[in-house]
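Next, two complexes with chain A in common: one pairs it with chain B, the other with chain C.
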Partner chain A sequence: MIVFKETCVGCGRCQPYCPAGAIYFEDCRSVVDQDRCYECGTCLRSGVCPVDALREPPNVYEYPRALRKYFSDPTSTHAVTGIQGRGTEESKTNDVTLRIGPGEVGIAIEIGRPTLGMGLRDIQKITRALARNGINDIEPNNPINSMILDPLTGDLKPELLDERVLSAIIEMQVRRERLPEILQTIRQVIPELDSVFTLDVATLLEPGLTIPAGILAAIEDQGFSWRPNAKINMGFGRVSE
Partner chain B sequence: MTHSLHREGTIESLDKDYAVFIYPARGYNYKGCAPKVRHLVEIVYQVGPANMIATTLRKNMYSGVRPEEVLASIAEGCRVFTVFNSREKIRELLRAFKEADEGISIVVSGLIDRVRDIAAEVGLDPHTINLSLGIHGGTANLPPADIRQFTTMCGHAMVSPRLVEDVVRKVKRGKIDTWEGSWVLAKPCACGIYNPHRSQELLEGLSPLYTVARW
Partner chain C sequence: MTHSLHRSGDIESQKTDYVWFMYQTKGVNDVDIKPKALEFIAVAEAVGSENWGDVKTGPKLKYSIEEIKDNLSDKSRIRGIFTRKEQVVDFLKQIKEKDLGMSVIITGVLSEVIPACKEAGVTPHSINYSLGVWGKKDNLPSETTLSITTMCGHHMIPPKFVDHVTRRVKKGKLTPEEGAKQLAEFCYCGIFNHVRCADIIRDTAAATAEDAKG
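Right, the complex of A and B next:
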């Protein structure tokens, strides 16, 4: 995002709307730190600017800057880079797709959330750690795959490394027995990161909304715990095509 | 929407905050799903959501959009994201969804123990769970937990921590009341699951105590 300096009246109303904290005063006008801005468009959509001084910059849809837009603005679609959204439908439609089947777990590393966003160099630390440990299970439809230069090293495309995104999701579905090694790898990379990620584990339920004991044991054994709230597919779906 | 399982707060507060997703699946039950989704949305309106958005309209409940417009907008593949502010409403909703039997995937994001109880009461056998293993990495850089109670209610992190502070500041100074403040906070949420009722309660609890400082 940019602010037209000639138009801006310096009221500062747009500044609190920026999730990245990228808008600040300079010479009594609001300006946008182009490195911090994720191009999420929240300030523009807020409509708070009294003089219409907020504008998308000319390069917002140009690769690689477009990556910011597509990974940070929930109202945008991935038209330029060919990247298809930030993640897949994960467990939401699992009752009809069986994307996560019996004996499997879905693992999602939600990079940059909540709030902080993440530079691509930090994301590369995670993809490299996964590759180093022989974990090459990132889902084919996951947009992160489009950013990876070499799946064997986990290196991302070099032209992307200076970009930042509000969120990206590394998604994997693996056999349940591989959950401990993947959690262990994730745990090892945590101290290297400046930003944050949230971690999800999805599994089929046993009758009566019972979480398989083996899954919970693996989580605890690797030093993680689970929160009291979760996303639960209620099993209403039916295949009709 | 992935992030709804990471909503933060006390158990008491989270018990007033259940997100629900209506989700047709491409290639499985997409074709001909519009009337089914529309019927489910009619049920949502009857139960009384705290917020809602249909992906075909992308306007949350507090944008001035009328229910008729939302229902008319629903087309094939439309997904609906909504949030309810009580356990009782979720029970009523799931009971009505079960009776409607439209065959579209329904996800409830909320307290596991409570959803388990409700599922048993309604006679449902939930299929899949997505557990949150929490936040990791440079967590010292995060805004404080009491601010995150607000910001994590938007699945896409569009509600800025600075906007929460700004609203708290305005409430403390008497410039706006807690409902207006919650409306301001709900507006940037493009996914429609920011719960302004819970937000109002949080503001009422937080504003008298909070000293707004930079984090």
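Right, the complex of A and C next:
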């Protein structure tokens, strides 16, 4: 986002509307820090500017800056996945796709969330750590796959490394027995990161509506624990007739 | 995958916070979804969903229901909130009866949602559970602020704006409900629980007032 300097009246009303904290005063006018801005569009959508001085910059849809918008603006459709948002449908449509099947587990690492955002170098720290441990199971439709230069090293394309986004999700689905090694790898990379991440795991429910005991044991063994809330797919979906 | 999963805060408060989703699957059942979406909306309204929306238009707290309905397309994502377990039970019963073939997700505290499924006669298919937040957590805003900002799954709510609203409520310039509605307008999906948010703001303002007295 940019503030059109000739139009801005310096009221500063837009500043608390920026999730990245990227808008500040300079010479009695609001200015957007182009490095911090994720192009999420929140300030513009709010309609808070009394003189319409907020504008999308001409390069907002140009590669590589366009990644900021695709990963940070939920109203935009991602050019890679063709859906809104940072990840894929994952467990939300698992009753239709059976993407996470019997004996499998889905894992998602969302970097930058909650609220802090992140530079794409943080993603590379995780993809490199996964690659070092021979883990090359990132979901093919996940947009992060298109950002990886070399799956064997986990290196991202170098032109992306200075970009910032609100968050991005590394998604995998693997056999359940591989969960411990992946959680261990994630735990090892935590001290290297400059931002935060959320971690989650998805499985089929077992009879009695219970989470498979082996999954819970693996989580505990690797020093993680699960929170009391969860996202539950009710199993109502089906392929159209 | 993680859009509504990492809502945080006091567990009793989270028991007043349920998120519902209708999901079409890309390339499988994602054509001509509007009639089904309208059925979901009708049930959600009948059950009293306090906020819902479509990310392509916005939440009903900001846009008229008719406008959201008119803009429905195959790219729409219909989702919203409930504040009571009984609403979840009614919603699941009615949607199951309609057998629309779209995926349905409920996010909430497991100790409430699983009994709601049993009461509605529903056997869930898959579960996605949170293993929490990791990394440089010292840079995060306060737990109270996070309990509000995490109710927008895309994190469109600036922590600064939460502080701004809370200050205005403390000064008596806004009611907690008015402040919560302002915050809800940032969340285009319609999954921001403004009812719970008003309670959090009210509690925070009251605690500050007590501190000032003490």
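Going forward, the second predicted complex is superposed on the first by the 232 of 241 C-alpha atoms of A that agree within 3 Å, B and C clash if a C-alpha of one lies under 4 Å from a C-alpha of the other, contacts with A are read in each partner's own complex, and residues count from 1 in each chain.
As a convention for this text, contacts are C-beta pairs under 8 Å (C-beta built on N, C-alpha and C of every residue); 3 or more make two chains touch, one makes a residue touch a chain.
Because the structure is a prediction, the values reported are computed rather than measured.
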*With everything superposed onto chain A, say whether chain B and chain C fit together or clash.*
clash
*Kindly classify A:Tyr17 by the partners it touches after superposition: chain B alone (first), chain C alone (second), both, or neither?*
both
*For A:Phe197, select first, second, both or neither according to whether it touches chain B, chain C, the two together, or no partner.*
both
*Once the shared chain is lined up, is A:Thr115 touching chain B (first), chain C (second), both, or neither of them?*
both
*asked:* Taking the superposition on A as described, I'd like to know which of chain B and chain C A:Asn233 touches: first, second, both or neither.
replied: both
*Kindly classify A:Asp35 by the partners it touches after superposition: chain B alone (first), chain C alone (second), both, or neither?*
neither
*May I ask you to decide whether A:Glu177 touches chain B, chain C, both, or neither, giving the answer as first, second, both or neither?*
neither
*chain A residues touched by both chain B and chain C?*
15-19, 21, 40, 42, 45-46, 74-75, 87, 89-97, 100, 106, 108, 110, 113-116, 166-167, 169, 186, 190, 193-205, 209, 211, 219, 224-240
*Would you pull the chain A residues touching chain B in the complex into a rising list?*
15-19, 21, 40, 42, 45-46, 74-75, 86-87, 89-97, 100, 106, 108, 110, 113-116, 166-167, 169, 186, 190, 193-205, 207-209, 211, 215, 219, 224-241
*Interfacial residue positions of chain A with respect to chain C in the complex*: 15-19, 21, 40, 42, 45-46, 74-75, 77, 82-85, 87-97, 100, 106, 108, 110-111, 113-116, 166-167, 169, 171, 186, 190, 193-205, 209, 211, 219, 224-240
_In the complex, chain B residues that touch chain A_ = 1-7, 11, 14, 21, 23-25, 27-32, 58, 94, 97-98, 101-113, 115-116, 119-120, 124-139, 141-143, 148, 151-152, 156-163, 165-166, 187-188, 190-191
_Contacting residues of chain C [partner chain A, same complex]_ = 1-8, 11, 14, 21, 23-26, 28-29, 31, 55-56, 75, 77, 92, 95-96, 99-111, 113-114, 117-118, 122-137, 139-141, 146, 149-150, 154-161, 163-164, 185-186, 188-189
